[in-house]
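Just so it is clear, A, B, C, D, E and F label the chains in written order, and each chain counts residues from 1 on its own.
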Amino acid sequence: MKLIIAMIQPHKLPDVKKALFDADVHKMTVTNALGCGQQKGFMETYRGVITEVNLLKKTRIEIAVNEDFLEPTIEAIIKGARSGNIGDGKIFVLDLADCVRIRTGEKGREAIG
Amino acid sequence: MFRRIRNILGGGVLVLLGLAGTAACEPQAGAASQTGVDTLWVLMTAFLVFFMQAGFGMVEAGFIRAKNVCNILTKNFLDFCMASLGFFIFGYALMFGDGNGFMGFTGWFLSGAKSGSGVPLYAFWLFQAAFCGAAATIVAGGMAERMKFPAYLIYSFLISAFIYPIVGHWIWGGGWLSKMGFADFAGSTVVHALGGVAALVGTMMLKPRTGKYNADGSANVIAGHSIPLASLGVFILWFGWFGFNPGSTLSVGNGELIARVAINTNLSAAMGGIVAMATVWKMFGKPDLSMAMNGALAGLVAITAPCAFVDPWASIVIGAIAGGLVVMGVVVLDKLKIDDPVGAVPVHCLNGIWGTLSVGIFGKAALGLAHDGLLYGGGFKQLAIQALGVGSVLLFIVFSMGIVFKLIDIFLGLRVSREEELKGLDIGEHGMESYAGFQIFTTQ
Amino acid sequence: MFRRIRNILGGGVLVLLGLAGTAACEPQAGAASQTGVDTLWVLMTAFLVFFMQAGFGMVEAGFIRAKNVCNILTKNFLDFCMASLGFFIFGYALMFGDGNGFMGFTGWFLSGAKSGSGVPLYAFWLFQAAFCGAAATIVAGGMAERMKFPAYLIYSFLISAFIYPIVGHWIWGGGWLSKMGFADFAGSTVVHALGGVAALVGTMMLKPRTGKYNADGSANVIAGHSIPLASLGVFILWFGWFGFNPGSTLSVGNGELIARVAINTNLSAAMGGIVAMATVWKMFGKPDLSMAMNGALAGLVAITAPCAFVDPWASIVIGAIAGGLVVMGVVVLDKLKIDDPVGAVPVHCLNGIWGTLSVGIFGKAALGLAHDGLLYGGGFKQLAIQALGVGSVLLFIVFSMGIVFKLIDIFLGLRVSREEELKGLDIGEHGMESYAGFQIFTTQ
Amino acid sequence: MFRRIRNILGGGVLVLLGLAGTAACEPQAGAASQTGVDTLWVLMTAFLVFFMQAGFGMVEAGFIRAKNVCNILTKNFLDFCMASLGFFIFGYALMFGDGNGFMGFTGWFLSGAKSGSGVPLYAFWLFQAAFCGAAATIVAGGMAERMKFPAYLIYSFLISAFIYPIVGHWIWGGGWLSKMGFADFAGSTVVHALGGVAALVGTMMLKPRTGKYNADGSANVIAGHSIPLASLGVFILWFGWFGFNPGSTLSVGNGELIARVAINTNLSAAMGGIVAMATVWKMFGKPDLSMAMNGALAGLVAITAPCAFVDPWASIVIGAIAGGLVVMGVVVLDKLKIDDPVGAVPVHCLNGIWGTLSVGIFGKAALGLAHDGLLYGGGFKQLAIQALGVGSVLLFIVFSMGIVFKLIDIFLGLRVSREEELKGLDIGEHGMESYAGFQIFTTQ
Amino acid sequence: MKLIIAMIQPHKLPDVKKALFDADVHKMTVTNALGCGQQKGFMETYRGVITEVNLLKKTRIEIAVNEDFLEPTIEAIIKGARSGNIGDGKIFVLDLADCVRIRTGEKGREAIG
Amino acid sequence: MKLIIAMIQPHKLPDVKKALFDADVHKMTVTNALGCGQQKGFMETYRGVITEVNLLKKTRIEIAVNEDFLEPTIEAIIKGARSGNIGDGKIFVLDLADCVRIRTGEKGREAIG
């Protein structure tokens, strides 16, 4: 099992969700994040002071999947999130040692979906 | 301070009297001057109308997304400043100066200008300027979340310096409509239908916000970011309306008239809120506060024209219809894919029209109207005049504002870039956030 | 506009005068009409009282959790609309109509109704209606975060159309209490004790919010979601109270009385805030703004009855005691596991009672009271009357509201489901969020 | 209620008249009493000035970080309470009591105090007390986000009970400056320069907020946490200023003067906003709302002294200069590493000075001034007096407040610990959060 | 060492915290999240438009533990978070390569607690 | 490749960012978190009720790096975040199975930077 963590542009979330549903990945957890990367920030000007803000709003998606779903899920995220511009984001894949469904106590592969 | 006053009331005021030369014959010692009291009334109500600016700001801000709040507030703030200036330099002269039936020509910069009522010119001007500001700011809401800031500045100067005053002249400045006996007591047409239809023209030119409508034509919810802000705004507007309508008497008289106007204003607003709430509850299964609040505003807009000419029961009916209209309006606009984020068109345009017409239905000659309304056996006379009046104003605005927006679009562009819209106009146009430090999802 | 006015002031008003037939004898040219000025005063203060509705809304919203904000604001908004309607149809007739010592019977829909003071009926009605709305909205706070919306709508109509007006009749409508010389200048009993005890009954029936009290009886903090909102609300209430109390003179006179009422109102509020802050600081180690603000409100509630009958030093004492009382009240309620999220009971009920009694202690016959207060050698006469008055009102409300809430509970249910309470009433009752896009922990 | 009034207006008021013994000769039946109307005016405007307190609170809160909001609001709330008390006990006597040119000595607790104008003492006191509160609260903003709460409480009592009243006596209490013909109609010096320079002294003693300035001397953005709150606050202040300036006439007269003051106030504010916006846009590339709003406030502060003595065109010029000054002021302060979070110094101190001087340039003897202003051929006479007046007030305040703050610093400490500052004063001083549940980055 | 990531119903956090303390696990990091899964969302209605919101408020807990604490911790979370209804959430377990306590610089097993 | 997750005191973020830039690590994702650990909380008092708040504001940083960058990055975080007081926080290191740059589709080591 793998845990996929993707950092994307916030406004791409609807597209990504759609792409995932089409790839029938229906479960995910989304968090709000600030990202710093190649993408350059914006100039903030407030009361006569100007500074560059380089922590930009990003959306972070976590999806736990079984191996067979790994590729399709990554494809789907790319499909939904890619604009070709700097700042599109990253996808990180981690090995998932175990997974438990709280409601039923099921473990491992069945618990994922 | 008071010692200053002493010698002002000694020397100063007498001089003032001399200078200003008001007709007010001095009342006997101990008794208050009628002109003084009327001025007090007009100023107090003018202050309330000014405060509506805050109400508009909060409502508009509350109903849009957090990422565009600073932008709309800047527009709302600046347009009042612009209106004050524009109405001082040009507006007043065009509206209340001597001229022909179409516009006035005298009193630029108020120099040599005459007051339009018994109160001193400066008080009368302030009251009128606050109205002008209200008309200008209505548009901000309808065009919210995508209109360029510089474009808005120019627009707001033009409407308050030229377009609003001209229409005002027709109806309140002794122009052709007022001569015909067209009755718009406090501005359902002059302020609201005018502002509302300008918003309609503008929002149609701008096109909907990205993501508002789907390919299949269905609409998406783009939820307002702060219901408390919007609710506060509505209360402030309602509060301010007690200046807007009763103040339009421009005189306290024996109290009868201002009392009537005040009660009608309140009843219509309350009924508008109730009916709108009931309608939306019935139609969509939930009591939606945003609609109930729009309903109250609709009731206020509708009663603005007839408030002095009708009885309380009539104002309840007028408000009830307004409350229903506003809900229908919102639904229909979405069907037509006209994206009006805060409901400026249903509230101000639709109910501005309804209110103006209602004068011809529920109005009473006994209360100072040219002809009795439909229900009082006056037939269609007054109603026809009302229809003609509001109709011609709509035409004029569609035409003039159409040109204004088109020109701005050509020379500056009306709409921000897609990137900026996604990031939010606060960062794009103003380089700042409205809620620094807060974690806010900008996924929409 | 002003031209309209012209012929109104020409034809119209004269007609009005005829129609309305006010006693006001026309003042000589140039001098302002006394009735006119009094109407101006009553209307202006009525507007301020109306604005308190916004204050109540912001305070109540600020002191509860974000997930229930839209719900409380909807209740607050709708109850004023309901009150306007209910008080127009039934309320005014019951309160000020001719009848017996218990209630009035004439003037339904204001038809044939007479004004209760020198000002025109419509102005008097608006002022009274705003009071009625205030009484109704007090309850929303105490029952916040768990009461069903439809249940609230029904409640608010009943209290403003029937229950409040009946009590009002006893005290301000020439009913049995007013005949006894019971003195409640601006409504410590009529509005606040009434609203406060209704809130007490309601919140006890509703039971505490899930998670407010632990098995061991200890209480948990359920922090308000927005202190700025609450603080704004308190300022708006204080501001509105300057309409609430001084406006209750219903006449400007030579200015002495309205000035006295205004200064007393301000001093009591300020002192209430200071003492509450000091008390909570001493008792719990921190200067808690939410308590200081409750203290100011407590001072305002307490001075509402005596404001016209006492000297400034007395209003400082009254306010100081109010500030202490409110803190004790909050603590005691928690001990009793009565969950009143915004402190409606300590502020309005407790201090409504205290204020009413204080008239019998600090009041002066010289200022228009039936008997001198305790401290002025009048003995217990006035105090006894005050106690009797507020006591019987409390009984009546506990009884009547008890029935109202019970019936609503039986037929509709008063309280939302546990799931809905956890999710929040905004989503459950209204299907919308108050702060769309904001990241908010709803772990409590 | 109204029945109570009946016998008050019967017996009561006559008694009152006796007691209070106002000069007001009774007007003939039907006509309104001039004193009554003036009292109505002074009270209404006093209420507006009181409401400014809310405006200050919202502006100051909006411009600072979320973690310190509860703290500033508590300061803002308590200082008005303190001012009410302090100005009642000592302040009024020092300011308006009989005494010498430096201070008054009579009327402690208002006992035996006389009104400073034609209106009843209590009304006059309330108006003056609201001014006093405004002066006190200005300082809170400049010293925000790092000043200890107890230190602030002491400061606020001292300034409102002693320091403000003494300066007030000089200028409005018949003191040495008023004798010289120094003109400060509504308080550019008395309230704003005084509060602003006190804020300057305080913020310099406190040192900048941690992280405001870098080693290399460059400044960092510490963004305000809520632009909507700030914007609402500015509108409330503007609204309240319509009480602040026009109310300072203390009499309605024939309306000429109050109308003039009102229009000047509005024009200067609007122009200040426009110019500040333009300046900051030009200098820093973006139209910064926070600056535009500061600009409007600057315009209001500047016109406060001259509002009764100048013509509308002059108030536009005065406002324009104020708008430019405020931006420069903010920039210069940052250069000097003086950290004034909300711009209290540029707005109130700088423009309080400018406004006071402008009287000597644009003022007209015909409007009640001692000498014509520079532009009207009066030469430097008035201007010199103005400069002397504001100069000596500045000196006095720098000196007296310097001592006050120093002593507080020695005995209590002015500034919170670094840890507390990082965590936020809400948790440190009050043990509560302003936005419970909201996810807020406190990385700054 | 393992890193446990649990997504739970927000209002269950107090219970979960209690259960963890009883199992004397005292250290954790909590974040605010939106979750999408089997649990169906709610209907949002605003100004005449109705849409389904399927990203629901969830709370995300991260706990780093040594192997011997793995089971007790999972038990505790289940104990606190389980209601038996859909939406109770999931627990994910990842292998933790290393752990450092910033204050002391300690590494590995000692650094966890 | 490794995924570094650090929980730090919020007000240390600027210093940590600086330290990371000096160690030229320029990419990171930051989220807002609440932490519970040895650090004792503060007493909250509201309307006459006092409770201890033991979930304190923390900032959570995620950085994906290649092995050679692991140590320098950890050093940098410690350098920036350490005050020596309880509450300084923790650094967790996970093995990163894969990494994808959405914009280009690059995978693995090149995708990280």
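Simple rule for what comes next: a contact is a pair of C-beta atoms (placed from the backbone, for glycine too) under 8 Å apart; a residue touches a chain by one contact, two chains touch by 3 or more.
Since the structure is predicted, the reported quantities are computational estimates derived from the model, not experimental observations.
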Subject >> Minimal step count in the chain contact network, subunit D to subunit E >> reply: 2
Subject >> Smallest number of contact steps required from subunit B to reach subunit F >> reply: 2
**OP:** Quick one: compare the interface residues of subunit A with those of subunit F and tell me same or different, with half as the dividing line.
**Re:** different
Subject >> Centroid spacing, where centroids are CA-atom means, of subunit D and subunit F in whole angstrom >> reply: 46
Original post:
Between subunit A and subunit C, what is the gap in Å from one C-alpha centre to the other?
Top reply: 52
**OP:** With chain centres taken as the means of their Cα atoms, state the distance from subunit A to subunit E in Å.
**Re:** 18
Original post:
Among the residues of subunit F, which ones contact at least 2 other chains?
Top reply: 31-32, 34, 43-46, 50, 94-95
Subject >> Per-residue multi-chain contacts in subunit D, two or more chains >> reply: 24, 26-28, 31-33, 35-38, 40, 44, 223-224, 226, 232, 285-286, 288, 290, 430-433, 438-442, 444
Subject >> All pairs of touching chains, each written as two labels joined by a dash >> reply: A-B, A-D, A-E, A-F, B-C, B-D, B-E, C-D, C-E, C-F, D-F, E-F
Original post:
Tell me, which parts of subunit F touch subunit E in their complex?
Top reply: 2, 5-8, 31-38, 55, 58, 60, 74, 77-78, 81-95
**OP:** Would you mind writing out the residues of subunit B in touch with subunit D in their complex?
**Re:** 1-5, 7-9, 11-13, 15-17, 19-20, 22, 24, 26-33, 35-40, 43-44, 46-47, 50-51, 53-54, 57-58, 61, 69-70, 73-74, 76-78, 80-82, 84-85, 88, 109-110, 119-123, 125-126, 129, 149, 226, 229, 232, 429-439
Original post:
For subunit B, which residues count as touching subunit C in their complex?
Top reply: 24-28, 31-38, 40-41, 44, 48, 65-66, 116-117, 124, 171-172, 174, 178, 183-187, 223-228, 231-232, 234-236, 238-239, 242-243, 246, 248-260, 262-263, 266-267, 269-271, 273-274, 277, 285-290, 292-293, 296, 308, 312-313, 316, 366-368, 438-442, 444
**OP:** Going by the contact rule at the top, pick out the subunit E residues touching subunit B in the complex.
**Re:** 32, 34, 43-51
Original post:
What residues on subunit F touch subunit A, complex-wise?
Top reply: 3, 17, 26-32, 62, 64, 94-103, 105, 111
